[in-house]
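Going by the order they are written in, the chains are A, B, C and D; count residues from 1 in each one.
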Amino acid sequence: MTDNFSDAVMDVERTEKVPRKAPEAIRQVVMANRILSNEGILDALGHVSVRNPANPGTFVQARSISPFEVTPNDILEIDLDGDVVTKTAMRPYGERFIHGAILKARPEMNAVFHGHFSAIIPFSVTNTLIRPITHVGGFLYQGVPIYDDYEPGDGMLIRTKHEGERIARHLGQHRVHLLRGHGCNIVAEDLLRLVASAIHLRDNATIQWQALLSGREAKYLSTEEAKAAMEIALFDASPIQRMWGYWGAKVKRSMPDMKDWK
Amino acid sequence: MTDNFSDAVMDVERTEKVPRKAPEAIRQVVMANRILSNEGILDALGHVSVRNPANPGTFVQARSISPFEVTPNDILEIDLDGDVVTKTAMRPYGERFIHGAILKARPEMNAVFHGHFSAIIPFSVTNTLIRPITHVGGFLYQGVPIYDDYEPGDGMLIRTKHEGERIARHLGQHRVHLLRGHGCNIVAEDLLRLVASAIHLRDNATIQWQALLSGREAKYLSTEEAKAAMEIALFDASPIQRMWGYWGAKVKRSMPDMKDWK
Amino acid sequence: MTDNFSDAVMDVERTEKVPRKAPEAIRQVVMANRILSNEGILDALGHVSVRNPANPGTFVQARSISPFEVTPNDILEIDLDGDVVTKTAMRPYGERFIHGAILKARPEMNAVFHGHFSAIIPFSVTNTLIRPITHVGGFLYQGVPIYDDYEPGDGMLIRTKHEGERIARHLGQHRVHLLRGHGCNIVAEDLLRLVASAIHLRDNATIQWQALLSGREAKYLSTEEAKAAMEIALFDASPIQRMWGYWGAKVKRSMPDMKDWK
Amino acid sequence: MTDNFSDAVMDVERTEKVPRKAPEAIRQVVMANRILSNEGILDALGHVSVRNPANPGTFVQARSISPFEVTPNDILEIDLDGDVVTKTAMRPYGERFIHGAILKARPEMNAVFHGHFSAIIPFSVTNTLIRPITHVGGFLYQGVPIYDDYEPGDGMLIRTKHEGERIARHLGQHRVHLLRGHGCNIVAEDLLRLVASAIHLRDNATIQWQALLSGREAKYLSTEEAKAAMEIALFDASPIQRMWGYWGAKVKRSMPDMKDWK
């Protein structure tokens, strides 16, 4: 990673094929996009970002393209106010303000997810709180508040720096919050933890909804159980590396252009 | 696109492989068929159409073949009364009258969908109204009425010009209506908006049904929210192009004969 | 098809690859197996059969192998009492008696399905009757009785000629019945109608169960609607050919050894 | 299989490609991993083991890698206390103590499964007992108790020899038990029966949950029915071989590196 990240972004070897040489942060955000697409977490409309390791005041994110298609050629550098730093005509995501505002408010965190997978939406519209019900959902122990303070006229999208800041304030010190009738935002230390959080949020929500539909009382994780489970699932070296390796191996099998990705 | 669309249809380069040269409207209706098949929205029995850009009195639609298999070789030109204009022995869909009648009644619209994906049928048989519950469902803000005025003896299919007209009257100024125990019709400005509407109808219905099963009160989009969300999802250039690009990229990966489609 | 079907079965060109030359009935039962596997209707344990067109007293069925793997090399001729006619060491399915007994009791029918897809089991264990709720389920208008008269000690399987006959009596003049906690049997005029019946039974059951979970009253097809819908879906040339073509095209895409199947 | 299993493990032909020469037990545990991954039963975090046929005091299991990726290169020999016997720097699974303790407590059994597929978790958190509701679930006739006696601070994982022994005591003479908010353990005579048990547990749980959501009374298998069904499904030669052949054929189709596996 060079000091001047924009130069690094521009250094990406531009070919018709997927470039194999690119700074590590760019390569990792490409893989995160592909994994989240391949696992059915992101479709055309969600996005992920990671803080520029060479400059905490900017982050890296794909241009306005589906995660399924992202290559190193498609990565932009953007500052925390949402202004594109990379000299390019490529168009950024309209909701990039979510990423900038959260990264500004959470200096200890480095990766942000915004998406709309269907398992979480019923919670958001019925005012039902997601809680840890399975050990991989332990990281949700602080609770998952539901945002419902949209800018009128913006179609429930977060399209301004101002609303991005409101979003960041609502997220507060949580790892996840839902947006009513829309989706969720997740923040994590890095892209590995971010991807694992998104997938485990989906799985925990799916199971919790099934339990809820039965009308039977469910036993959730205690705060101690949840904290310890989070510690192991996200911060022990072994499980997180095993998951990342697994999701990546599936990408390499399913996506022909990623077959030889190292 | 030539003035004489039937000539253009006949101009399609007929080979054993998927022809690459064809008028743009034909190419787009082929891709719409493939996307709707690949996304699990259409199986063997549904169909889409688009108005002939050179003659508002006819439309373009595949012959009686599954959307999964459609190529430019399979496209017919049909007039709004349901008569096949293309000189061919190829057989049209029995329910083509739906398309002609809706295109006649809605001159501001240019594309029609008829399909039976399972997420919508429970609504149609329990007289439950689909409403916007997620931002991509905003385009449903006018409501989704349920048709139940079938011609006796036609097995709940729409097989005559006369019933096609009744269908068009029931649809009225809505974008979507359901057919009880059968499926739905959707109308849109063009094939991009049509495909997006079909996929988002499925997603909205799936989520709404889950919320309903819980017995909990759900907060739907307000009319203002829904209108603004529709405006952005369907009429801003960026999201609709990103979605179309995504669905097309998946088709090119999954369907070997579409691999090199430009 | 020769007069001596066993000779025809033996005529199958036996190679390491999937043989391309085989009597039409054998080719069609191979494709039916592959379609039902590919559509998720059969896993390792179900089976289909078709009456020998040259001898109504025998039928054609795969040896004890999963439908996913069946080739013309694997087809046996079996008489209606369940005795294998083909001179071979290959092992038949233990439940072949279902097929023989139903074909004996229903001389106007020629194809039998036995399978266990999960959409139907909840009906069978809660004594809930499947009824036509969508137009493709019209063929169920005579009702779907539930068999619960198992031979003690046979693990709810149908492993004797005697119980096969009891099964056939319970099916009576219906097209479909369920076996409690086990699966279903379907009978049809030929393999095209049989495959369509199995897939549409799954779809109708899935939708009916969703409607039932909501606790809302559902409007089913009237007997007239259902009969007319069945007439069109199963006996008009166009839809059944379109469906068979579609399912077959998917098999050719998904199963490499079937890629060049004509 | 040599007397010295560690030597046999080390004999695996180590190449960049998947080795084709390896002792049978190693080959079978590789295939079991791949099948369970391919059938959606295991993701990154579960694992299977089989007792060393040459030494009942050790078992064979993959190193800390996802079942999707396991090759003969990745297999370790481990003793029943959880100590790795193979001379290697490769890291074992943290929860290997489950396997050792169960194999020690159940000398008549030889294969152990630990996984987290979502169909079972709602039962485990609502204190709902899984019972045989379909003939392939007959092997559950002894009941499926729910473990909830976790070591504080271990995040609901089983990471010590001591808790492994508690797990084995809780399992007792059952074939399956659930771990509250976590997953399940299964024990069987060999890997074929183990894989079949895991898949059928998933199917039985899915169907039972659907029946339960309807609020209707369900008829379960009687103990006699269940025992007889288990006897046939797991111990007759034909069904178990057909299932194993089927699951393996699907692995060979879906996983390019397994294509030529004999």
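Just so it is clear, a contact is a pair of C-beta atoms (placed from the backbone, for glycine too) under 8 Å apart; a residue touches a chain by one contact, two chains touch by 3 or more.
Computed from a prediction, not measured in an experiment: that's the story for all the values here.
Seen from the Cα centre of chain C, the chain whose own Cα centre is farthest off is A. In this structure chain B contacts its sequence twin chain C using mostly different residue numbers, the overlap staying below half. With rounding to the nearest 5, the Cα superposition of chain A on chain B corresponds to a rotation angle of 90 degrees.
Work out the mean CA point of chain C and of chain D, and you get 32 Å between them. Averaged Cα coordinates give chain A a centre that lies 46 Å from the centre of chain C.
Shown for chain B are the residues in touch with two or more other chains, namely 213. Chain-to-chain contact here is organised cyclically: the chains close a single ring, every chain touching exactly two others. Inter-chain contacts occur between A-B, A-D, B-C, C-D. Taken together, the chain C residues at the contact with chain D in this complex read 43-45, 64-66, 68-69, 91, 94, 116, 118, 121-122, 125-128, 148, 150, 152-157, 180-182, 209, 212-213, 255-256.
Remark: chain D residues 132-136, 138, 203, 206-207, 210-211, 213-214, 216-221, 224-225, 228-233, 236, 238-239, 242-243, 245-247, 249-250, 253 touch chain C in the complex.
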